[in-house]
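What follows is a pair of complexes built around chain A, which joins chain B in one and chain C in the other.
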Partner chain A sequence: MRTAEQTTEEVLDLAARHFNAAPGSLSPDDDIFAKLGIKSLEVFELLSRLETHFGVELPDDELKDVRDFRTLAARIQSRL
Partner chain B sequence: MLDLSKYQSMGAALRDACEQFADEICLIEADRDRENHRLTYRQFKEQAEPLARALQDVGFRAGDRAAILMTNQSKWLISAYAILFCGGVLVPLDLKRQPDELWQLLRHSGASVLFAEYKMIWRELSAAAGRAAATELRTVLVTEAPPNADLAGAMRWDNTKVDAQPAFTPRARQDAACIVYTSGTGGAAKGCVMTHENYLEQCIALTSLYPFAPGMRYLSILPTNHAVDFMVGFFGPFICGAAVVHLRTLRPEFVREAFTKYKITYVSLVPLLLKNLRNGLQMRFDALPPAKRKIFNGLVAMNKMLTKNRPHPALSRRLLPQVHTGFGGELRSIIVGGAFSEPETLQFFYDLGIPVANGYGLTEAGTAITVNDLKPFRADTVGKPLPGMDVRISNPDRAGIGEVTVRSKTVMSGYLNEPELTARAIVDGWLRTGDLGHFDAQGHLHLVGRKKNMIVTEEGKNIFPEDIEGAFDSLPVKEICVFAADYIWPRRSMVGEQLILVIHLEPGQNFTEELRRGILERNNRLLNFKRVHGFVVFPDDFPRNASQKVLRDRLKERLAILDRAAAIQPL
Partner chain C sequence: MKQFRGQALRWEWREGIVEVALDHAPVNEIGTVMLSELEQFAAAIPALAADTSACVFYSARKEGFCAGANLRELYQSALNLDGKKRLAGVRNFIERIHAVANTIDAAPFITIAAVHGICFGGGLELALLCDIIVADKMARFAFPELRLGLIPGFGGLPRLKRDVGNGFVRNLLFTGRTVNATRAQAVGLVAQLAGEGESLSIARSTAAQITKFDAHTRATAKKFIKPIPHVELREEIEIFCSLFARPEVMAALKKFVESTDVMPHVL
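Right, the complex of A and B next:
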C-alpha cells in the first residue's frame, strides 16, 4: 500500500511526463492548470493515465473542484 | 421529420415527435463502457409526462420558469420535455458558473423550479450563500442523490413521478420558450429571451442543410445548456426521430470508443476539442511506416481531389477506411461551435472525408446565422446565411468591412428585464452582432474582428477584459488596463485571440524583474482562459474623464499607433 506522499510523488511524476514538464518542476500545491499551462479539457488525458497507473476509477464528478496536485493525489489515495 | 411550419410551440412538436417515432431509439446514456439505459420515444414519454404532471401538481403553470443545472444526460432532456409540455419557460444554466453567480441567475430568471444533479452541483450550491435572494424558487428536484444525502430542502427527482396524466399546455409562437444566459461586460450575464418561433425556425433552417432521420445518432458532448447542443443535441434530432447519445464522462478514450460503439452520425465540438482530435490523428499518421505513409498520403490527396466540389461520404469511406472506421463508419459531419476554428484544422478533416459544419452564430440570434453549405466546402469562411436569415454589413468601409447585422425570425425577443440593452442590441429589427465582417463574391461571410473589446477562447468562452482588471489592481504601478489585443491592432482573424495588460509606471519607476514576477503571479491566479498573454508599458497617463474613469477608446487610439509586435512583451 502506497503512502499519501508516495501517491503524490507518482502523480507529480506522471503529470510532468505527460505534459513534458521538467522532472521535479512540479510541487504538490501547484495549480494544475496554471503550472502546466493546460485547459480544463486537456486534463482528462492525464486522468486516464493516472487511472491506468493506480488501477482506480476517478469519476468526473468527484474531480470537479480539484485544482492542485495534492488534492488530486488525495482523491486517488482514498480509492487505493 | 415533423413539418415545424405547422407548429406553434416546441412543446407541441416534441409531444408529437414522441407519438410519431414511438418505437425509434431516442436516448442512449452510457458511463464509460457501461450503458446506463436506452429509451425509445415511447419510453421517453412514459418517463417525461409523469414528471410534467408532478410539475403541474406543485403549481407550475404556463409561463412559469424552470431552470436545469445538469451535465449532459437523459434526465436533462426528460426535464426539458416536461417543462415545455407544461408551457413553462426553460432556463438552461451553465454548471461551470460559480455558486453565487448561479443564485443570481436563478433570482434574475425568476425560476420557481430547479432541476439539479446532486453531486455535481446541488451539494455545493445549496451550501453557498445567495439562496435567500432566489425568492421565486419553490421546488428543487435533485437527481442521483445518495440515500442518506442531506437534500437541503430539495426533493428527489425519482420520487416525483405520479400516475395521473398531465394536461398539455399550448403556447403561441411569440411566447417565451427559453431564457438563455450569455456573458456580458462587468460580469453581468444577460438573459436572452428566446421564443418558440426562434427555435422552430432555426430548426427548419439547420435541418435543411444537416438533416437528421430515424436511425441517426448524435453524440452529445458540448454542454446541453449551450445553444448549439440544445438545438442539435435535443430539439433537432427529436423532431426527426433520431437518437441522442449521452456520455457521463469526457475521457478521450471513452469518447473515441463511443463513435464506433454507437455508430455516431453527428457530433458537436468546440474548436479546442477539434484541434486536439486533429493532433491525435496527426500523431497516428506520422507514426505510420514510410511506405504506408506514402500510400496513405496519396489516398488523402485523391480524396481531396474527388471531393473538391462536394462531399462524397461513401467514396471517402472506401478510400480511407482506416480513418472512417475509427469514427464508427457513419460519421457525416462534425459540427463546430462556440468559437472560431483555424481553417487548417477544418481543411484537415475535409481532406479525410469528414466535413466540419463550420458556422457563425450567437445566442441572441438563435444558434447559427451562417453555416458552411458544402457546395463546395470552404475552410476560409464561416459560410453563407442560413435560409431565412437576412444578414447585412452595416456601414461598410471601402473594403466592404462593417458590422454584421441580422434580421430573422430566429432573433431573440430581447434581454430579460433590460429594455435599454435590448434597444441598443436590436435596432429597427436588426440585431447588431458587434462582429466585423464582409461578404465575398460567392456570398460567403468572412469575419475579421470585433467592434467589442472582448475575446472568445477556443473553448467557446466569452471574456471581457474589464472583468479581469481587478486581478491586477494591486500591482505596484500607477495604473493598469486590460485590452483584447486584436481590438487595438486588428489582424483580420478571429482565432488565437489574446488579452494584454497595459501598465503605466509611477514617475521614476523602472520596469524590474520583480514587477514581471508580480504580473505573472497575479496572472496565474486567474483561471487559465482569463489570463493575459503579454503586457505593454505605456509611457503616459491614461486618458480619463472628469470622474476619473479610463477613456478606453482614447487609450486604444494611442496604443494603436504603436507597432504591435514591438509593443507587446510576452510574459
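Right, the complex of A and C next:
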C-alpha cells in the first residue's frame, strides 16, 4: 500500500514526464492547470494517465474542484 | 467515388480498404458540415461496396476521435428561432444523421473505428456504428447529454445497448462521467486495446485480416449478428425531440457555450 507521500510523489513525477515539466520542478501545492498549461481536453489525458498508472477509476466530476497536486493525490489515495 | 476530400473529412480506397479520416477543428464536432460530408460518404457506400472488404474510421485531430455534436453551432442556430422553428430544425438534423448512421451501420463491408483521445456523445455514437472499435489505451468515452437535459440523439443508446449490458449503459448515461479504454474493453464496448498512438495501425492490420474472407459470407454474417434496432431508434428520435423542446436545454447549451471552465464537459 502506498503512503500519501508516495502517491503525491508519483503524481508529480507522472505529470512532469507527460506534460513537459522539468523533473523536480513541480510541488504538491502547485496549481495543476497553471503549472502544466493544461487546457480543457488535456484534462482527460491526465485523467487517463493517472487511472492507468494507479489502476483506479477517477470520476471526472469529483476532480472538477481539484486545483493542486496534493489534493489530487489525496483523491487517488482514497481509491487505492 | 474512391477518393474524397471535404472540409470535415476525407476518404481514400486502397486494395479493398477504405479509410475515412475525420479532420475538422477543434475535435471533429458533428455539425452541418460534418453531417453533409458523412451523407456524401453514406451515398458512396453502394459504389464502394463491390470491391471493399473493410473501412477504417479514424481522426486526424490530435485531441481525439470526436467531441460529439457541435453544440456551439446548435446553440447559435437555435438562438434566434421561435420554439416551433427551433424544434423543426433540430428534428431535421436528427432525421438526417439517423439516415446516415443507419446506412453506415448496415454497410456490407466491415467497419472499424480507430479511437484515440476523447470520444464523447455524438463521437461515441459514430464509433458505435462500427463493427469493431479499436481504442488507444488513453482514449475516454462518455455520454454527457444528460448534463444538457437531453439523451444521446444520434442513435447512441439503442446501439450501445445492442453491444453491452444495460447496467453499463445506465452508468454512462446517468452519471455523464467519462470512462477509460480499459473499462470500455472490460464491458465489451472496445474490442481491441491499442498502445499509445497505435490505434490506427492496429485498425489497419485488423482490416487487412478481414480482407482474407469471402465477401458474401462476411456480409451475411454481419447482417445476422448486428441487426439495426429500428424501433428503438425511432423512439429515441421522438424522446430527443420532446426533451429538446424544454427551455432547460437552451439554458444548458448557453451555459456550455459561455463556459470558461477548464472542464466544460463536466458542468
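The rule is simple: the second predicted complex is superposed on the first by the 79 of 80 C-alpha atoms of A that agree within 3 Å, B and C clash if a C-alpha of one lies under 4 Å from a C-alpha of the other, contacts with A are read in each partner's own complex, and residues count from 1 in each chain.
The rule is short, and it goes like this: a contact is a pair of C-beta atoms (placed from the backbone, for glycine too) under 8 Å apart; a residue touches a chain by one contact, two chains touch by 3 or more.
Note that this is a predicted model, so its numbers are computed, not measured.
**Q** Output check: A:Arg49 vs chain B and chain C. Expected answer is one of first, second, both, neither. What do you get?
**A** second
**Q** Return first, second, both or neither, reflecting whether A:Gly24 touches chain B, chain C, both chains, or no partner chain.
**A** neither
**Q** Applying the touch criterion given at the start, work out whether A:Asp60 contacts chain B, chain C, both or neither, answering first, second, both or neither.
**A** So A:Asp60 meets both chain B and chain C here.
**Q** Under the stated touch criterion, which partner chain does A:Gly37 make contact with: chain B (first), chain C (second), both, or neither?
**A** First partner only.
**Q** Based on the A-chain superposition described above, do chain B and chain C contact any of the same residues on chain A, and if so which?
**A** After superposing on chain A, chain A residues 33, 38-41, 44-45, 47-48, 57, 59-61, 64 contact both chain B and chain C.
**Q** Quick check: in the complex, which residue numbers of chain A touch chain B?
**A** So the residues of chain A touching chain B come out as 31, 33-34, 37-42, 44-45, 47-48, 57, 59-62, 64-65.
**Q** Given the complex with chain C, which residues does chain A contribute to the contact?
**A** Residues 33, 38-41, 43-45, 47-49, 51-52, 57, 59-61, 63-64 of chain A touch chain C in their complex.
**Q** Considering only the defined contacts, which chain B positions touch chain A in the complex?
**A** 32, 71, 117, 119-120, 124, 248-253, 272-273, 276, 458-459, 524-525, 527-529
**Q** Can you name the residues of chain C that touch chain A in the complex?
**A** So the residues of chain C in touch with chain A come to 27, 63-64, 67, 117-118, 137-140, 175-183, 261-266.
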